[in-house]
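Take a look at the structure set out below.
Chains: A, B, C, D, E and F, in written order; residue numbering restarts at 1 for each.
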Amino acid sequence: MIVAAALAILVAMSMAIVRALLGPTIYDRILAINLFGTKTVMLITLIAALAGRADYLDIALVYAMINFIAMIAVLKFFEYGSLGHAGSDGQGE
Amino acid sequence: MSGLGIWNYVIFIFLMMAGLYMVISSTNLVKKIIGLNVFQTSVFFMYISFGYIDGGAGPVLAEGVTLYSNPLPHVLILTAIVVGVATTAVGLALTIRIKESFGSIEEDDLHKMDPSI
Amino acid sequence: MLTHLPVLVVLAPLLAAPVAALMRGAFAPWVVATLVSWFSFVCSLLLLAQVSDQGVIVYSMGGWEAPWGIEYRIDFANALLLVLITGLASIVMPYARLSVRHEIGDERSPMFYAAMLLLVLGLCGMTATGDAFNIFVFLEISSLATYTLLAMGKDRRALTSSFSYLVMGTIGGTFYLIGVGFLYVMTGTLNIADLAERLPALSDSATVRTGFAFIVTGICLKLALFPLHLWLPNAYTFAPSAVTALLGATATKVAVYILVRMVFTVFGVEFSFVTIPLSDVLVPLAIVGLLSASSVSIMQPNVKRMLAYSSVAQISYIILGIGMGTAMGLTAALLHVFNHGVMKAALFMALGAVSYRMGGTDLKHMNGLARTMPLTFWAFVIGGLSLIGVPLTVGFVSKWHLILAAMELGWWPVVVVILVGSILAVIYIGRVVEAGFFKEPEDSTRREAPAGLLIPLWILVIANIWLGIDTRLTVDIAEAAAAQLMAGGVVR
Amino acid sequence: MAVSGMLVLTGKGNKMTVLDILSGILLLAGCSLGVIGAIGLIRFPDFYTRMHAAGVTDTLCAGLFFGGLAIQFGLTLASAKLLLIFLFMLFTCPTSSHALAKAARHGGLEPWTKTGSGAAHNMSQEGAKS
Amino acid sequence: MVLEHLIDISLLVFLAVISVALLRIKDLFAAVMIFGIYSLTSASLFMVLAAADVAFTEAAVGAGISTILMLATLSITGREEKTIERKFKLLPLLIVSITGAVLLYGIRDLPPFGDAGNPAQVHVAPRYIEQSPVETDVPNIVTSVLASYRGFDTLGEVVVIFTAGLGVALIIGRRRRLPSKKEASSHE
Amino acid sequence: MNDHLILRVVGKFLIPYVMLFGLYVQFHGDFGPGGGFQAGVIFASGFVIYTLLFGLRSTQQIVSEGFLRVISASGVLIYAGVGVASMLMGGEFLNYNVLAANPIAGQHIGIMVIEFGVGLTVASTMTLLLMMFAERGLPS
């Protein structure tokens, strides 16, 4: 059962990589990376369960967090061309 | 098992060489820095593999576990990761300044502007 | 307090750097930097005295004994290097004040001095430590500080030179890391003395040999051995004068020291020169490097660049001494490490003074310097004579020992090469001297460099002559260091 | 990796309880959702349809999966942490999917239609950059 | 144990594929994102190799901070790598092949992967594992080695970070932009 | 990111928890994976999210660069200060055993304080790095 779960996650990860490499638009890549991130979180929890260590779940949480931040950063970069920009309201500029 | 171990190391070397090739052959400065990161990360893998013990738990003491993997490489690599990100930050800062003062981050263009670079 | 001397050398700049970075204006951080480098210098001198009294000093960080914790292990070789680094730092820091104000500006001065202190800290830490991985950490501290300082040059090419040094330096550091990893996996230890004990039994292992190859290559990237020197000329040329003086005199020397430590102490003479024919690699590279770099430096229109190429040549002399693999050769190499540091710092400082007044260091700026800036120019001339190896200067002492070492081995062609190198040095220094004495300056009013630059400069010039006449101090220490290193350096 | 891993998970347990079966079902359901989403990511014709496949399955897949694991861990700190991770993903995954879709729409990426499929394929990186 | 090897090998293959893709890709923005995937995958690999702390750091630093800094850089320098005619570069390939060959020679005599009897596992490390609870009373051995046994390395690490901050502040810190810079950047 | 209202709301909601998690990692580093370095990075990512969502200027109103520089330097000084303190109390540099009457207690104090120093430096430097990079990217 656990083997099947691990296999499924790995297959999903490899498909996400294929999509990230193929593109064609940049949004596809971002989407693939997002999916890859969530699958990584699942893989880490799986490893934690295999090792029987609750500590490792902290790491999964970090992954989820980093995934979210990277996502925002990519979007921000993509829409505004700079990371420090406040947005269209021009607040604080 | 040993065959699998060698397979591990062979891939690490492949990654290392891919990173090194990226550093040496790319003309784009950002790409060079990505290459450096790939190169360094593969060295980190190598270190961690040196400390890996089959069936050994992560080096956090727990009830009923007797076999732990070697904590020393982990400590070294923690330091090395920090060094890596520090180098990356300085390299990227330099890249920004190069773009601002030369208008390009392609080594070919820079070389054309000034053959001594 | 005296038992803490090894760590105090490193600790003083470590505590001072953050403090200096937070200060305002240019004066306060300068005072801090100067005082701290003087303090470190005093500590290193005391340390040298202690080493000659008591032999090897071992200091365990955190109280954890050697293979488990990190230890500082001071013998003659690193004590000598520490004196060189901190001594030059304590001369360059006072000198830096005017040139930094001129080239960097007050606004960025605090951080600039902090970076200088971090550079000194990294170099001292690398030198003093007895742990192979700790070397890597401090190597990276000094490298990061160097990248920053190099980028501070006014010319925009300073940025690209800094970037290419960053790439090369990181590759070098990572190579070193790979090598240390291979040693670690074979021995299970990172401590240099412990490694030295355990490695001889493993000399057949392909992994240890590969580790050796990677460590040597990585360090050679850092010390700019001939085919790997491409980062150096630009880096030195475009950096601010104070930085060039400190870097040119110390950074590559520390890399040489690490090479010596690895080759002689960790791997041992037996492994490095018999099992692995290190001489067959180093000596030809050194000879080619010496001749080519000297020839290239003759053609340089910029004097700073000329001296940078000459640095590559001088490093080749040092590598030549190491490549001989004998006690005499090693003595000569260590002597030249020290002496070249002293003379190159003087030369770069003189150039800094020229650039301060004339606005550049091209050959045309040197025209008529004997009349317009006589004190600076004479300092340059004496430094140049030292570089050539004229008797009564430090340069002569080390070259003489190098020639003696070559003759001991019966390597007559090498003696000829050394002499040819000196003749080439006569030519490139001669161009500058000719310009200074015989060319007409554009404006022949006398405008000597300010005392703030001249006094440190002349202190170094006098050291050049004094150490050239009274050779007991340096030669004795270098011989003792070489003897320790040849014996494997493991003195428990 | 620790040898003291969870016996049931590795299939070495001697008895299967109801909870084990339940957790197995949850795990398998979660994983099959994940694979379905990934297949959709590969096979669907354009960005929006792929996003439909991936974004919709993602959270539920993670939820089921974590639920399965949490049953294995029992009522411990680990299950609480799993719940936290799940909550975090429950908030972030749909948010980022939404933001991404919105960004794509603003970026001028046209949805694929059966007739105008060419438009989606012309949507190369240069076009998306604007 | 088979499962771990399966995960291990799959992650390694992912890494190899990603590194090749990184070499070939021209769009720097995509390259940075794929580098993010690379970091995440490598962090998972660290997890499989039982190095939780390293995985933690690699995820936070490699995938988080590095990626964001690279994106910030790209927002200034532009995201397209110039498409130059692909010259066949002999020298880099030669250097890389030689280095790789030396490394392949070097791994011949490596002690067996994952064996508890390796020199690295029997010499210094056992003291940390056995004595750390007695000497420092910290359950996480990595922390006790990091902070106490090799605390000096960690001090160096903190100084490295400080140096990086200082360096970046010196290089791109806030100050008045000189007009000459703009002139220089305008002639292209 | 004004037009991404949902992102803003969710992000703002998450920031305190991210920082709380950073603190957890900081003080839980003795018992599980984590420690000053990781905690610093996570704590800094709180500021990263804020900067990304609300712009650099808003972040600068919360923490100024000068303040971050002070924190960054003080982290190094705290770490080195522990070493100096142990030297003054008769041990070697960074020998925590002498910091308290009992070596174990000394080790606890030492590790706690230096991890705190690491956390301070890393969190402030990472935030500072992002702010400096973002500053350059803003149209001047």
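Methods note: contacts are C-beta pairs under 8 Å (C-beta built on N, C-alpha and C of every residue); 3 or more make two chains touch, one makes a residue touch a chain.
Values in this document were obtained by computation on a predicted structure and should not be read as measured data.
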Contacts shared by subunit A with subunit F include exactly B, D, E
Where's the contact count highest, between which chains? B-E
Whole-Å separation of chain centres (CA-atom averages), subunit B against subunit F: 24
Per the C-alpha centroid definition, the whole-Å distance linking subunit B and subunit E comes out as 4
Just how far, in Å, is the C-alpha centre of subunit C from the one of subunit B? 28
Return the distance between the CA-based centres of subunit A and subunit D, expressed in whole Å. 10
Touching two or more other chains in subunit B are residues 16, 20, 29, 50, 55-58, 60, 62, 67, 72-73, 76, 78-79, 82-83, 86-87, 89-90, 92-97, 101-102
Hey, what residues on subunit F touch two or more of the other chains? 3-4, 7, 11, 14, 31-34, 37-38, 42, 45, 48, 69, 72-73, 76, 80, 83, 93-94, 96, 129-130, 132-137
Where does subunit A touch two or more other chains at once, residue-wise? 2, 13, 23, 26, 30, 47, 50-51, 53, 55-56, 58-59, 61-62, 65-69, 72-73, 75, 78-79, 81-83
Per the contact definition, I'd like the list of subunit B residues that touch subunit A in the complex. 57-58, 60, 62
Along subunit B, where are the residues that touch subunit E in the complex? 1-2, 4-11, 13-22, 24-31, 33-35, 37-38, 41, 44-45, 48-62, 67-79, 81-90, 92-97, 99-106, 108-109
The subunit E residues in contact with subunit B across the complex are 1, 5, 8-9, 12-13, 15-16, 19-20, 22-23, 28, 31-32, 35, 38-39, 42, 45-46, 49-54, 57-58, 61-62, 65-66, 69-70, 72-74, 76-78, 81-82, 84, 89, 91-93, 95-97, 99-100, 103-104, 107, 110, 112-116, 118, 120-121, 124-125, 128-129, 132-133, 139-142, 145-146, 150, 153-154, 156-157, 160-161, 163-164, 167-168, 171-172, 181, 184-188
Considering the complex alone, what residue numbers of subunit E touch subunit C? 102-103, 105-111, 118-125, 127-128, 148-153, 155-157, 159-160, 162-164, 166-167, 169-171, 173, 175, 184
Given the complex, residues on subunit F that touch subunit C span 69-70, 72-74, 76-77, 80, 83-84, 87, 91-97
